[in-house]
Each structure stands twice: as C-alpha cells, then as structure tokens.
Amino acid sequence: MDYLAWVAVASILSSGICIGIGAIGPALGEGRALAQALSALAQQPDEANTITRTLFVGLAMVESTAIYCFVVSMILIFANPFWQFFLARAGEGG
Amino acid sequence: MDYLAWVAVASILSSGICIGIGAIGPALGEGRALAQALSALAQQPDEANTITRTLFVGLAMVESTAIYCFVVSMILIFANPFWQFFLARAGEGG
Amino acid sequence: MDYLAWVAVASILSSGICIGIGAIGPALGEGRALAQALSALAQQPDEANTITRTLFVGLAMVESTAIYCFVVSMILIFANPFWQFFLARAGEGG
Amino acid sequence: MDYLAWVAVASILSSGICIGIGAIGPALGEGRALAQALSALAQQPDEANTITRTLFVGLAMVESTAIYCFVVSMILIFANPFWQFFLARAGEGG
Amino acid sequence: MDYLAWVAVASILSSGICIGIGAIGPALGEGRALAQALSALAQQPDEANTITRTLFVGLAMVESTAIYCFVVSMILIFANPFWQFFLARAGEGG
Amino acid sequence: MDYLAWVAVASILSSGICIGIGAIGPALGEGRALAQALSALAQQPDEANTITRTLFVGLAMVESTAIYCFVVSMILIFANPFWQFFLARAGEGG
Amino acid sequence: MDYLAWVAVASILSSGICIGIGAIGPALGEGRALAQALSALAQQPDEANTITRTLFVGLAMVESTAIYCFVVSMILIFANPFWQFFLARAGEGG
Amino acid sequence: MDYLAWVAVASILSSGICIGIGAIGPALGEGRALAQALSALAQQPDEANTITRTLFVGLAMVESTAIYCFVVSMILIFANPFWQFFLARAGEGG
Amino acid sequence: MDYLAWVAVASILSSGICIGIGAIGPALGEGRALAQALSALAQQPDEANTITRTLFVGLAMVESTAIYCFVVSMILIFANPFWQFFLARAGEGG
Amino acid sequence: MDYLAWVAVASILSSGICIGIGAIGPALGEGRALAQALSALAQQPDEANTITRTLFVGLAMVESTAIYCFVVSMILIFANPFWQFFLARAGEGG
Amino acid sequence: MDYLAWVAVASILSSGICIGIGAIGPALGEGRALAQALSALAQQPDEANTITRTLFVGLAMVESTAIYCFVVSMILIFANPFWQFFLARAGEGG
Amino acid sequence: MDYLAWVAVASILSSGICIGIGAIGPALGEGRALAQALSALAQQPDEANTITRTLFVGLAMVESTAIYCFVVSMILIFANPFWQFFLARAGEGG
Amino acid sequence: MDYLAWVAVASILSSGICIGIGAIGPALGEGRALAQALSALAQQPDEANTITRTLFVGLAMVESTAIYCFVVSMILIFANPFWQFFLARAGEGG
Amino acid sequence: MDYLAWVAVASILSSGICIGIGAIGPALGEGRALAQALSALAQQPDEANTITRTLFVGLAMVESTAIYCFVVSMILIFANPFWQFFLARAGEGG
C-alpha cells in the first residue's frame, strides 16, 4: 500500500508547482496588456468602448493559459485517475 | 503510519513554494498596470473615471492568478484530500 | 506491480511541469500582442475591424502552443498508453 | 516520534522560503508603481488627489500578494494543521 | 521486464519537458511578430493585404519549431520505437 | 534528542536565506522609487512637499515586505514554536 | 541485456531535451526577423518584393538551426547507431 | 556532542550566504538612486538642498534592508540562541 | 563489455545537449542580423545588392558556429573514436 | 576532533562565497553612480563641487554593503567564535 | 582497464558541452556586429568598402573565440593526450 | 591527518570561486563608468581634468571590491589560519 | 594507479568548461565594440584610420581574456603539472 | 598518498572555473568601454588623444580584474602551497 503514498506525494508537489509557475506568465502578460490599455484610453478616450471590449476579450484569452494550469492542478488533487485506481485496488483487498 | 508524515511534509513544502513563486508574477503585473494607470491619469485627468474603472476590473483579473495559487495553497494545507484519506485510514485502524 | 506506481508518479509530475512551464510563453506572447493591438486601436481607430480580426486569428495561433502543452498534459493523465499497458497487464494476472 | 521533527523541519524551511521569495515581486511592483506616481505628480500636480488615492488603493492590491505569502508563512509556523495532528497524537500516547 | 517501466518513465518525462520548454520560444516569437504586425497595420492600413499575408506565412514558419517539439512529444508517447521493441520482446516470452 | 539539532539547523538556514533573498526586492524597489522621486523633485521643485510625503508613505509600504521577511527570520531564531516544543519535551525527560 | 534499456532511456531523454531547448532560439530569432519585416513593409511598401524575398531566404537559414536539432532528435530515435549495435548483438545471442 | 558541530556549520554557511546575497539588492538600489540624484543635481542645481536631503533619508531606508541582513548574520555568529542552548547543555554534562 | 554502454549513453546525451544548446546563439544572432537587414532595405532600397550580399556572407559566418556544434554532434554519433575503439576491442575477443 | 575540520571547511567556503557574491552588487551600483556622475559633470561643469561631494558620500554608503560582506568574511576567517570554541575544547583535552 | 572508459566518457561530455556553450557568445556577438554593419551600410552607402572590410576582419576576430572552443573540442575527441596515454598502457599489457 | 586534505581542497575551491565570481561585478561596473567617461569627454572636452580625476578616484573605489575578493582569495591560499592550525598540529605529532 | 584516471578526468572536464564559458564574454564584448565601430565609421568616415586603429588595439585587449582561458585550457591538457607528477611516479614503479 | 590526488583534482577544477567565469566580466566591461570610445571618437575627433589615453588607462584597470583571476589560476596550477606541502611530505616517506 506504499504506492498510495508515493502517488499522493507526487500529486501534491506537482499541483503546487504547476499553478505556482503557471501563474507567472499570465499575470505578467495581463499586466502588460492592461497597462497598454490604460495608456490607449488616455490617448484616445473616444475609443473607450472598442478598447475595453478588445481588452477584456483578450484578457480572457490570456487568462485561459492560467486556467489550464489551474485545471490540471485541480485534476491532480481532486480527480486524479492514478490515485483513484490505487484507491480502488486498495479497497478491493490491496 | 509513515505515510501521514510524508504527505504532511510534501503538503507543507508544496504550499509554501506554490504561493511564494506564484506571488511574483501577479505583483509585477499589477505594479506595471498601476504605474501606467497613474501615468495615464496625469496625462488625461478628464478620463479619470474610465481609467480607474478599467484599472480595477483589470487588476481583479490579474489578482485572480494570485488567488488560484492561494486557493491551491490553502487546499493543500486545510482541505488536502490525500491527507484526509490517510487520516481516515489511520483512524480506522492504521 | 511496482511499475504501475512509477509510471503514475512520472505521469503526474510530467503533466504538472509540462503545462506549468508551457503556459509562460503563450501568456507573455499573447499579452504583448494584445498590448500592441490596443495601442494600434488608439492610434488608428478607423482600422479597428482589420486590427481585431488579425489580433484574434494571431492569438489563436499563439494559443495553439499552449494547447499543445495542455493536450500532452491531458494525454499523460487520461490517455497515457504506458499506463494503460501496465494496467492491462496487471489486470491479466500481473 | 520521528514524524514531529520532519514536519517541523519542513515547516521551518517552507515558511522561510515562501516569504523570502514572495517578497521580491510585490516589492518590485510597488516600487515601480510608486516611481511612476511620483513622476505623474511632478507632471500634473493638480491631480495629486486622484493620483495618490489611486496609488494607495492599487498598492494595497499589490501588497495583498505579499500578504498571501505572509499568511501562509504564519499558518505554517503557528497554525500548522499537520503539526497539530502529530502533536495531538504524540500527546495521546505516541 | 523491468526495462519496460524505465522506458515508459523516461518517455513520459521527456515528452512533457520537450513540449513544455519547446512552447516558450515559438509563443514569444509569434507574440512579437503579431504585435509588430498590428502596429504596422495601424501605421499603413493600405498595405493590410501584404502585411497579413506575410504575417501568416511567417507565423507558420515560427509555428513549425513548436510543431517539431509536438511531433517529437507525440512520437515519444505513441510511436516510441524503443517502447515497441521492448513490448515486442516481452510479448515473445520476455 | 537528535530532533533538537535538526530543528536548530533548519531554523538557522531558513532564517538566513529568508532575509537574504527577501532583501533584494524591497531594496531594488525602494531604489527605483527614490531615483524617480529625485528626478521629479528636479523637474517640479514646487511640489517638493507632495512628492516627499508620497515618497515616504510609499517607501514605508515597500519596506513592509522587507519587514515581513525580517519578522519571519526573527520568529525562526527567537520565537520558534517548533524549537520550543522540542525544548520543552527535552526538559521533561527527553 | 541491460544495456539496451540504458541506451533507450538516454536516447529518449536526449532527443526530447535536444529539440525542446533547440526550438527556443530559432523561434525567437524568426519572430524578431518577422516583426522587423512587417515594420519594414509598412515603412516602405514599394520594396515589398525585395523585403519578403530576403525575409524568407533568411528565415530558411534561421530555420536550419532548428532543423539540425530536429535531425539529431530523429537520428537518436529512429537511426541511433548505438541502439542498432546493441540490438544486433542481442539478436545474435546476447 | 555532534550537535554542536552541525549547528556551527549551519550558522557559518547561513551567515555568509545571508549577507552575501543580501548585499546585492541594496547596493544596486542605492547605486541607482545615487545616479539619479547626480543627474537631478546637474539638471536643477538650485534644488541641491532638497535633493541631497531626500537622497540621504532615502538611502538610509534602502540601507536598512542591508542592515537587516547584517543583523541576522551577526546574530547567527555571535548571539545564536541555538548554539548557546547546545553550549549550555554541553557544559552541564553533554 | 559494460564500457560500450557507458560510452554510448555519454555520446547520446552529449550530442543532444551540444546541438540543443548550440542552436540558441546562432538562431538569435541570425534573427537579429536579418531583422536589421530588412530595416536597412526599407531605409535604403537602392543599396539592396550590397546589403543582401553582406547579409548572406555574414549569416554564413554566424551559421558556422551552429555547424561546429552540428559537426561535433555528428562526430559523437557516427564517427566517435572512443566508441570505435571499444567496438574494435569487443570484436577481437572482449 | 573531527569537528574542527568541518568547522574549518565551512568557514573557508562560506567566507569565499560571501565576499565573492557580495562584491557584485556594490561594484555594479558604484559603477552606475560613477557613470552618471561623469555625465552630470559634463552637463553642468559649474556644479562640480556639489556633484563630486554627493558622489563620494553616496559611494561610501554603497561601499558599506561591500564592507559588511568583507567584515563577515574576515570574522569567519580570523575571529570565528565557533572555531575558537572547538579549538579551546580541543586544547583542554579533546 | 576501467580507466579508458572513464576518460572516454569525460572527453565525450566535455567536448559536447564545450562547443555547445562556446557557440552562444560568438554567434550573438557576430549577429550584433552584422546587424550594425547593415544599418551602417544603409546609412552611409559610400563607405561600403571600409565598412565591409572592417566587418570581416572583426568577425574573424570574434570567430576566433568560437574556434578556440572548436579546437579544444576536437583535441578532446581526436588528440586527447590522456586517452592516448591510457591507450598506450593498455596496449603494452594493461 | 585526513583533515589537512579536506581543508586544502576547500581552500583551493573557495579561493578560485571567490575571485572568479567576484571579478564580474567590478569589471562590469568599471567598464560602464569608463564608457560614460569617454562619452563625457567627447561632450565636454574642456572639463577633461575634472572628469578624468573623478573617474580614476571612482574607479579605485570600484576596484576596492575586486581587491576585497583578491585579498580573501590570497588569505585562503597563503595565510589560511585553519590550514596553519592543522599544519602545526600535524607537525607536533599528528 | 587510480589517481592518474581521476586527474585525467578532472583535466578534461575543466579544460572544456573553462574555454566553453570563457568564450562567451569576449565574443559578446568584441561583437559590441565591432558593432559600434561600424556605426562610428558610417557617422564619421573621415576618422576611419583612428577608429579602426583604436578598434583593433582594443579588440586585442578584449581577446586577451579569451586567450587567458585558452592558455589555461591548453596547460590543463598538454602541460598539466599534476598529471606529469603522477605520470612520473607511475613510471618509477607505481 | 590519496591526498595528493584530491588536491590535484580540486586545483585543476578550481583553476579552470576561476578563469572561465572570471573572463566574462572584464571582456564585457572592456567591450562596452571600447564601443563607447569609438562612438566618442566619431563624435569628437579633435579629442582623439585624450579619449584614447583615458581609454587605455581605464582598460588596464578593467583588465586588472581579469589578471587577478589569471594569477589565482596560475598559482593554483604552478605554485599551489597545498600541493607543495603534500608533495614534500610524500617525498619524505609518504
């Protein structure tokens, strides 16, 4: 039943590192886009509608890469098929 | 009952590293957006409303990546399913 | 039956690292393109249609590299041929 | 009773690294925003109120990521559920 | 039959790292080219046709390096000659 | 009584690394803000009061992240709950 | 027959890392050249022919370094002389 | 009495690394602020008093982060509570 | 005959890393030169001949460093004197 | 008497790394300040007195962080309390 | 005769790493010089002779550092005195 | 007498790394200051005396951090108190 | 006679790494100087003599640091005093 | 007599790394200064004497940090006091 522990340790470390590293890129990318959006708003206030609409659609796209990481992280913690297999086997008699 | 200790050690290290690394990106991204917002305010004071509204909606989006890390970190400490499984098993007879 | 555990641990770590690292590049690249798009919109509002169309087609292309990582990550978790082989063998008698 | 020591060592290292690394991003981000705020003040002194208000609300938001790290660090030292479990068990008979 | 497990572990780790690292460069490169394309469109709207055509041909070329990584990653998972050799040998009697 | 030594070694290393790394960010951030403040003073001497007031309130905020690190470092050296637990137990009979 | 496994593991890891790292440089280089090409097109539309011709000849040259990596990666997987030697020896009697 | 040696080795390494790494940030930050101060002096000689006063107050604040590191380093060498505990115990009978 | 395996493993890893790392520099350098060439063409179309001639002679020189890496990589795989020595000895009686 | 050797080795490595790393920051910071001072002198020769005075007071402050490292390095070599303790104990009977 | 294998493995790894890392610098340096040469040609076409002559003499000098690496790499593979010594000794009787 | 060897090995490695790393910062800092000095000379030839005097006093200060490293390196090789202690003890009877 | 092999392995690795890393700096430095020289030639063709003379004297100085690395690398391979000592001793009787 | 080998290996590795890393800084610093000198010459040809004199005195100063590394490297190879001590002892009877 040693296998359950190894799978648990690997899942915990992997989910933490995955979202930890994976949050750097999206946050920097969104920060950059947001900064430029504010600069564009100040430069061309009449186009505020187009700019904010494009900004939020684009941010959603950047956010999607962070969500990929979050999804993998959640799957590894709550819906890990490897863990569930070993759990099922341990339940059957192990 | 050795497994409980390994899972605990992995959860502690993973939660610390996860939020530690995951705070770098959002903080830098928000700092950049905020800096540009202030520059835009100074350049176009009449658009202060649009700029600050866009800023705070955008900051919330950037903050979300930090919150993903914080959520994973909290789950690993307080709602860790792997820990709870081993805890339950240890309670049943271990 | 030790092999199942090793394959599971490797798959968990690899999928987490793959999407974690692989999200940095696309997020930064999309953030940069989005920022420039907003700047271009402010500079040439009349070309909003061409700019946003080019932006979203391009973003989809950048996003594709993140999706490659996500696909590999999902394959490693849910459709891992190595895991399925060992699973099948373990089921046959192991 | 070896487990108590491992959990203690992991908590000490993790809390130190967590806040150590986690302070880099917020400090740089706040420094950048503050620098731009001063530049904006010098450029548009009449908007000092709007600028400083936006600055401090924004700084609070950036600071929040540092506080996440600090909170995790404090939880790991003073309210560590893993430590308390092993402590309780050691007290019951160990 | 230990060899099958080692080859499987190596293939899993290698395919994850390969596409994970390999997605950084193409995503950044495409993001940069896309950003400049939008800037060029805003500057010279009359040349939109030439610019977008050159952009997409160029992006395809940059994407090719990501596809090399994806191909190697897929080969390592689904068409790994080393795995197939050991599989064949294990099937013959091992 | 081996545990006391491990906890001591971990606390010493962690406190040193924590403040060592944690001092980089605040120092760079404050240096940047200070540099911009002096530039702003030279550009708009009449706003010296507003600028220096904003500067020092902001610096205090940046300094707070360094202080978080210092606090954790001091707690690990002088008020380490893990050390005190093992100390107490060693005093009771070890 | 242990040697076959070591050579296989080394080939798998080496081919993945080789193309993974080797794709960063060419992708960034091509992205940069492409970005400048679009900027040049917008600046001097009359020279579109010369610019795109030079661009694609140059891109082919940059791509060649990625292809070196891909070739080495493919050789290591499909035409690895070390693997074939050990395979031949194993076939003769091993 | 082995514990004394481990604590001594850890203290020596930690104090050296702490001040070694911790001196990078403050030195760069102060260098940047100083450079800007000289530039400001050349630009606005009449404000020399305000500029140098702000500079030295600010430098003292940046220096404080270096002093935190130096203090921790000195504590670890000369007032290390862990060392003193083991020393006291060794003196009592070891 | 263990030596053959070690030499094979070392050659495989070394050739992969050699061309993998060695492709970064030339690709970036060529990308930069190509980008500037296109910018120069747009600025001075009349000198297209001189510019493209100098470009391709120069690119050949930059490419030469990538070719050094490729040559060493090929030598290590196909004309490795160390491998051939051990092969010869193994053939003589080993 | 093994402890003396471990403490000596740790002190030697720590003192070398401490001053080695610790010299990077101050040297870069001073170089930057000095460069700006010369630029300021060329721009405003009449303020040479104020500029050089501020420069040397500031350089002394930056130098202080290098001196912290040098002091710790010297203490670890010539006035190391841990070494002196073990030396004294070895002299008493070892 | 174990020594021959160790020397071979070290030579293979060292020669690959040597030229792999050593190609980064020269390629980037030559790329930069070439880029500036093309920019200079576009700016001052009348000086094409002087510029290209200086460029190629200079490139030869930069290339020399790559050639140092290539020479060491070749010596380690084909004219390695350490290998030849062990080879000679092994031939004499081993 | 094993201790002498360990202390010698540590001193050799530490002195090499210390001056190796410690030469990076001063050289870059001096290079930057020197570059700016030449630029200042070209801009304001009449102030050549003040500029070169300030330059060489400043360079001496930057050089001092390199000299700290060199001094520590020399002490570790030629005046190492740890080595001399073990040498003396070995001479007395070992 | 084991020592000969260790010294040989260390010399091979050290000479490869030494010239490999040591070629990065000089190549980048020379590339930068060469780039600026070409820019200066285009800007001031009448001073071609002074510029190229200063360039080549300066390049020789930069090259000298690469030559230091090459010399150490050659000494380690062909004139290694440690190797010759062990060789001499092995020849006397070993 | 094992000690001689360890000291030799440490000296070989340390001398190679020392000059390898230590050549990066001076080469980059000199390259930068040289580049600026050429730019200054083109800008102010009449001051060629002052500029080249200052350049070569300054380059000598930067070169001094490379020479420190070279000196330490040579001492470690040819005048290593640790090696000579062990050599002397080995000669006396070993």
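For reference, chains read A, B, C, D, E, F, G, H, I, J, K, L, M and N in written order, and residue numbers begin at 1 within each chain.
Criterion: contacts are C-beta pairs under 8 Å (C-beta built on N, C-alpha and C of every residue); 3 or more make two chains touch, one makes a residue touch a chain.
In UniProt terms the chains read A, B, C, D, E, F, G, H, I, J, K, L, M, N = ATP synthase subunit c.
Computed from a predicted structure; not experimentally measured.
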Fewest hops from subunit F (ATP synthase subunit c) to subunit M (ATP synthase subunit c) - one hop per pair of touching chains: 5
Separation of mean Cα positions, subunit L (ATP synthase subunit c) and subunit I (ATP synthase subunit c) [Å, integer]: 37
Computed distance of Cα centres, subunit J (ATP synthase subunit c) from subunit E (ATP synthase subunit c), in Å: 48
Distance between the centres, which are taken as Cα means, of subunit F (ATP synthase subunit c) and subunit B (ATP synthase subunit c), whole angstrom: 21
Where subunit D (ATP synthase subunit c) touches two or more other chains at once, by residue number: 2, 11, 13, 15, 17, 19-21, 24-26, 28-32, 35-37, 39, 41, 43, 55, 59, 66, 69, 73
Touch-based graph of the chains, sorted into line, ring, star, complete or other: ring
Ordered ring members, subunit G (ATP synthase subunit c) first, subunit I (ATP synthase subunit c) second: G, I, K, M, N, L, J, H, F, D, B, A, C, E
Residues of subunit J (ATP synthase subunit c) touching subunit H (ATP synthase subunit c) in the complex: 2-3, 6-7, 10-11, 13-15, 17-22, 24-26, 28-33, 35-37, 39-41, 43-44, 46-47, 50-51, 54-55, 57-59, 61-62, 64-66, 68-69, 72-73, 75-76, 80-82, 85-86
Residues of subunit N (ATP synthase subunit c) defined as touching subunit M (ATP synthase subunit c) within the complex: 2, 4-5, 8-9, 11-13, 15-17, 19-21, 23-32, 34-39, 41-43, 45, 48, 52, 55-56, 59, 63, 66, 69-70, 73, 77-78, 83, 87
